[in-house]
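So, here's a batch of structures to check.
Shared chain: subunit A. Partners: subunit B in the first complex, subunit C in the second.
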Partner chain A sequence: MKLVDSERGLGRVLLAPAVLYIVALVGGPFLLAIGYSFSNVTVSSGGGSFVGLVNFRRALADPSFVRALGNTVLFAFASQALVVVLASILSIALQKDFRGKWLVRLLILLPWVAPISLGTIGWLWIFDPVYSVLNWTLRSIGLLGPRDWPVWLGEAHLAILSIIGVQVWRTLPLATVIQLGGLSSIPQELHDAAEVDGAGFFRHLFQITLPLVLPVMLVALLFGFVFAFTDMIVIYVLTRGGPYDSTQVLASLAFFKGIDGGDLSGGAAVALFLLPVLATGAVLILRLARRAEVT
Partner chain B sequence: MATVETKALRKEFIGHTAVDGVDLVVQEGEFLVLLGPSGCGKTTLLRMIAGLEQQTSGEVIIAGQVVNELPPRSRKIAMVFQSYALYPHLTVEQNIAFPLKAQGAPRGSIRGEVEKAARMFGIESLLARKPRALSGGERQRVALARAMVRQPDVFLLDEPLSNLDAKLRTLARDELKQFQRRLGTTTVYVTHDQVEAMGLGDRIAVMNKGKIRQLGPPQEVYDEPADTFVAGFLGSPPMNLFRHDGVLVGFRPEQLLPPGEDPARGPTVTLRFRVDRVENLGADRLLYGTLPDYAPAEKLIVNLPYTVHAPVQAGQTPEFRIGEQDLKFFDLSTGLRVAPRPLRRGQS
Partner chain C sequence: MASGLRRTGRRVVHAAVVTAFTAFAAFPFAWMVITTFKQTKDLLDPDHNPFVYHAPPTLQHLHVLFFETLFLRWVGNTLLVGAAVVAITLVLALPAGYSLARLSGAAGERFGIAIFLTYLVPSTLLFIPLSRVVTVLGLHDSLWSLVIVYPSFTVPFCTWLMMGFFKVIPKDIEEAAMIDGLSRFGAFVRVILPMSVAGVLTTVIFTLTLVIQEFIYGLTFITTSTSLTLSVGVPTFLVRGDVYFWGSLMGACFIASVPIAFLYNLFVDRFIAGFTVGAVKG
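And now, the complex of A and B:
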C-alpha cells in the first residue's frame, strides 16, 4: 500500500513537522524552564542542583518583581480595555460604505503586518527626547508651552502611558478586523428588524449589535490579552524596563535576569509566573465565548 | 389602522431600476398582496414603504401623511421578515417586548402586553426560550407576535411563510388570514407564491420589472389577466398561449374539457386537441399536446380534474370544448389584452 492511501500513515507524516516544531521549540524549553526554576543553575555553573522553591521565594521578595507583575497586569488590562472600545468604534465606522474604504482598511491593518520591532523603533523616534515629532507638533499647534517638554520615555508615568499607547497601536488592527468579521456576520434583516421595531442608535448598538458581536469580540480580546501579557519587544526597544524598572514587565524582567544577568534559575522562576495567569485567562475567555451564542 | 399610498415611487440602484414608478393605494384594513417573480421589485417596494430603503423619487403616504423622510420607527409600521429576524440573544419574551421598550412603553404595562400577544399566537409556554430552541412554525409565530404587540397602523410581511415546510405553510396561511381579519390591520404582503397570493389577498398587485402589471381581486386577476405576463405567472400550469391570426390566444388548462364536462356558460367552441403524453397526478391529469387545426407547432397543456373520467390516451385527437368567453386575446408585440375575435381554422 502506498503511503498516500493510508490515512493513518499519511496523517502521521503530515502532522510530524508540527509536532516536531512544538516539541523542540515550545515543549522542550518549557520543561527546561520548569527544571531550571527549581535549581540554582547560572549561565556559568553548568548543571546546578535542586533547591526547591528558593527561586520563587526570592522573586516574590524582590520589589522589582512585584513592580513587573503589577506592570504586566496594568499594561495588558489598560491596553485591551482601550482596544475593545476603539475596535468597536472603528469596526462599526468601517462597516459603512464610503469612498476610499479599502484604503482606510489597509491603513488600519498596516501596523499588524509591519514587524513589531521595526514599528516599535519608529515609535522610539516619535518619543525621542530631542527630536520627538510629537512634542514639536504639539508645540507648533500651541498645546505645549515654551517651558513644557515631556520626555516620553524618561519619566515613569509618561513611559507607562507610551507603552500602553504602543500596545494599543499594535493590537488594534487585529481586533478591528476580527470584529469587522463578526459585524458582517450579523444578518441585515436583524438590523432592519431593530430599525422597524423602533430602536434608536444607542439601543440598536448596545442591545442588538454589540451583544451579537460579543463572542467574536471575546476571541479578539483573548488574542490581544495574550499578546500584551507576554510581550517584551515593545519594552525592550522603548525603555528596557526603565526608568528605574518603572516599565519592567515579567517577560522583560525574566530576560534581563536570566539571559543578560546570567541568573538562569531566577529568570526561569520569573517567567513561570506568566503561566498560571495566561492559562486561567485563556480557559476563562474560551468558556465565555462558548456560552455566548450566535445563531 | 390606516391607508398606504405610493405615488410615482421609483428606486434606482446602480445600473438598474428596481421599482419603476409605482402608484398604489392600499385601503384601510385591506390585505394586499404584492406578487411577482424574484427581482421584480416587490421587496424593494415593501422596504420603501417601511422606510428601510430610501426612494429615488416619488412619495410614500401612510394614513394620509407623507412619510418620505421619516425613519422606519416613526411610521407606525411593523414588519415580519423572511428569516423572521428574531434577536438570537434574547428570549421570546424579550423579543416580543423589544418594540414596546423601544417606543418607551411604561414598564408596568409591558409584561401584560407581551402575555396578551403571546396568548393570541399560542406561544405562552415558549416565553422563556431562546429563538434557536424553537421550530420554524414557532419562530414565525414569535415574529408575528413581536410585530403585532404594539398595534401598528400597517403590517408589512416579506415572504413570511417561505421558510416553512409545505404542510405547515398551508396551516400558517389560514391562521395568518384569520389574525388579519380579526385585527383588521392594513396589510401589505410580499410573495412570489401565487397560491399564497390567491388565498390571502383581498387584492393582488402583480409586479414585473419594477412595475405593477395588474391590480385587482384574485379571481379577477386570474380570470381576466391584463397581459401575457400576468396570464403566464398565475395558475399552475399557467395559461396556454399560442399564436394565431396575428394575435396571441390564451386559455386556462382546466377550461378545455371533453364535451359534457364543460361548464357551458354561454356559447362554446370545439377544438381538436392532439394528445402527445398523459401525466397522471392523482387529483388531476395533465395532457401535453397541440391544437392541430390552429397551432400545430405550439406545445399546450390541458388539465383534467379527477372528476373527468373520459378515457384519453397519447396519440388520440379528441374534440374538447371551451367557453367562448374563456378564450383571451393578447397583442403580439405589447402582450396587452385585445378585444376577442372568432378563431379561424388554419390561420397560425
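And now, the complex of A and C:
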C-alpha cells in the first residue's frame, strides 16, 4: 500500500515539469489569445481594455476576412479530398515489394520532411512568371500556345490552384505512410480468402482493403486537414495572400494584421476562428482512438 | 497466356504509378539541384531548355551562398537552438513518458493522449500572444526566445513517443533491479534509460527536425538577419529587394532539407506509429 502511494508520488513528480511547461507555453498563450480578441491591445499600447465583441464584428465586416475564411475552408477541403484519393492509390502501390523501394519511399517522404518554407521556395521558382519550367514544359509538349503566358501566382484562379497543389504535395507523404501502416496490419488470411473466392482486383479493393483501412485513413485525413487548415507558410512564401487577397487564409491574415500591422487584438480575433475546426478535429481523433482501443 | 499478359500489364501500371508519384514528390528537389549549378545567364534565358546545361556547370552560386551571405551563420543558429531544445526536451519528456507508462495507472493512457493533442494546437493560434510575451521578457530578436518556446511543441510529441517506448520494456526488469536494492527512480535512471537508447535517439532526431522545420515563431520573434534560423533566413533574406538569386537560393534549400530527410527516414516508422494513436494495432 505504502509502496503504491510513493510510486504515485514519484509519478507525479516526474510528470509535473513537462505538464507545467506545456500549461505555461500552450495553455497560457491560448487564454491570452482569447483575452486579446476581446480587448483593444496593440503592439505599442500597454495592457489594453475590454471591448467586447468589437474585434469579431470588425472582422466579419471586413471583406478580406470573409475571403480568408472561405479560402481556408476551400484549400483544406480541396487538398485533403485529393490527398485521400492519391494516398490510397500510392499506399497500395507501395505495399508491393519491388527493387529500389527504400529509395522511392525516401523520395516520396521528402516534401513532408524538408522544411516547408524551403520546399515551397522550390515551387516559387517552378511557378516563376518568366522562367517557369512548368510553362516551358507545357509549351514544348504543345499544351500551351506561344501566346499563352500563364502567371501561376499572379492570377487569382491560378494562384488558388497552385496553392492547393502545393498543399497536396506536402501532406500526401504523411497520409501515405499512415495508410501504409494500416494496410500492413490487415491479416494476410483475409487477402488469401478473397483470392481463393476469386475476387477481382477492384472487388478486392473496395470490399476488403478499403473498408478495413478506413479508420486509419480517417486519422490521416484529420491530421492532414488540421495541418492544411492552420498553415500559413505556403501562402506566405508563394503569394503573401495576393493577388488582392485572393489567396489570403485566416492564419496569414492574422499574421499580417497582428504582427506586421501591430493590431494584436484584431489578429488574435482572426486566428480564433480556427478554433472550432481544431476542437472538432481533436474530438474526432479522440473518438477514433477510443474505438480502436475497444475493438 | 492471357493471365501472363495481364500480369505484365499490371506490372507496367504499377511501375507507371510509382514513377509518377515519385516524380511529383521529388521534382522540386531535383529542380533545386539542377538550378544550383547553372550559370545565371543560362538560367535567365527563356529560350533555353531548362533541363539542359547550355553553359558549363558552375560552383559560383554555392560560393556566393557560403561566403557572401549569412547562410553559415543561420546554420549555426539553427544547430545552437536545436541542441538547446533537444536538451530541454529530453529533461522534460523522458521522465514524463516514463511516468505515464508506469507510474500513473490507468489514467496514464488518457493523460498521454491529452498531452499529445496539445501538439495539434497550432503556432498560428499562439504566435500573437507569444510575441507579446517574448517582447515583455526582453527576448525579442534573441535566439533564447526560440529555445524557450520550441519545447512547447517538441515536449508533447516526444512525451508521447517515449511513453510508447517505455511501455514495451518488460516490467520484470525494473522489479529485478528494485529487488537488488535500487529505488524506482534509480532503476529508471540506471537500468531503463540505458535500455532505451533507440527511443532517446528517435526523440533527438524528431526534436531536431521539428526545430529545423519551424517557421512561424522564427518569423515572428526574430527581425535581425544575423539572429535568424535557416527556415526563416533563406526565404526572407536571400532575396535582396526584388532580386532573386535563384542559384544560391536553390542551393540553400537543397542543402538545408536533404540531410535531415535521410536522418528522418531511419526513424519514420516510429513517428507514424505515434501519429496513429493506437488506431493501428501492433
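Basically, the second predicted complex is superposed on the first by the 265 of 295 C-alpha atoms of A that agree within 3 Å, B and C clash if a C-alpha of one lies under 4 Å from a C-alpha of the other, contacts with A are read in each partner's own complex, and residues count from 1 in each chain.
Everything below uses one rule, namely that a contact is a pair of C-beta atoms (placed from the backbone, for glycine too) under 8 Å apart; a residue touches a chain by one contact, two chains touch by 3 or more.
Predicted model only: the values in this text are computed from it and were never measured.
Between subunit B and subunit C, C contacts the larger number of subunit A residues. Of the two partner chains placed by the overlay, only subunit B lies in contact with A:P187; subunit C stays clear of it.
Applying the stated contact rule after C-alpha superposition, one finds that A:L212 touches subunit B and leaves subunit C untouched.
Within the superposed three-chain model, A:I160 lies out of touch with both subunit B and subunit C [touch as defined at top]. Once the two complexes are overlaid on the shared chain, A:I178 sits against subunit C while remaining clear of subunit B. Within the superposed three-chain model, A:L74 lies out of touch with both subunit B and subunit C [touch as defined at top].
Look at A:V151: by the touch rule set out above, it reaches neither subunit B nor subunit C. Of the two partner chains placed by the overlay, only subunit B lies in contact with A:V196; subunit C stays clear of it.
292-293 are the residues of subunit A that lie in the contact sets of both subunit B and subunit C, per the superposition on chain A. Note for the complex: subunit A touches subunit C at residues 6-8, 10-12, 14-15, 17-19, 21-22, 25-26, 28-30, 32-33, 35-36, 41, 43, 86, 89-90, 93-94, 96, 98, 104-111, 113-123, 125-126, 128, 130-131, 133, 136, 140, 169, 172-174, 177-178, 181-182, 185, 215-216, 219, 223, 226, 230-233, 236-237, 250-251, 254-255, 258-259, 264, 267-268, 271-272, 274-275, 278, 281-282, 285-286, 288-289, 292-293.
Of all the residues in subunit B, the ones that touch subunit A in their complex are 47, 50-52, 71-73, 77-79, 81-83, 85, 87-89, 98-99, 101-103, 130-132, 146, 150. Residues of subunit A touching subunit B in their complex: 187, 189-190, 192-200, 203, 207-208, 211-212, 292-295. In the complex of the two chains, the subunit C residues touching subunit A come out as 14, 17-18, 21-22, 24-29, 31-32, 35, 43-44, 46, 49-51, 91-93, 95-96, 98-100, 102-105, 111, 113, 115, 117-118, 120-122, 124-133, 148-149, 151-152, 155-156, 159, 184-185, 209, 212-213, 215-216, 219-220, 230-232, 234-235, 244, 246, 249-250, 252-253, 256-258, 260-262, 264-265, 268-269, 272-273, 275-282.
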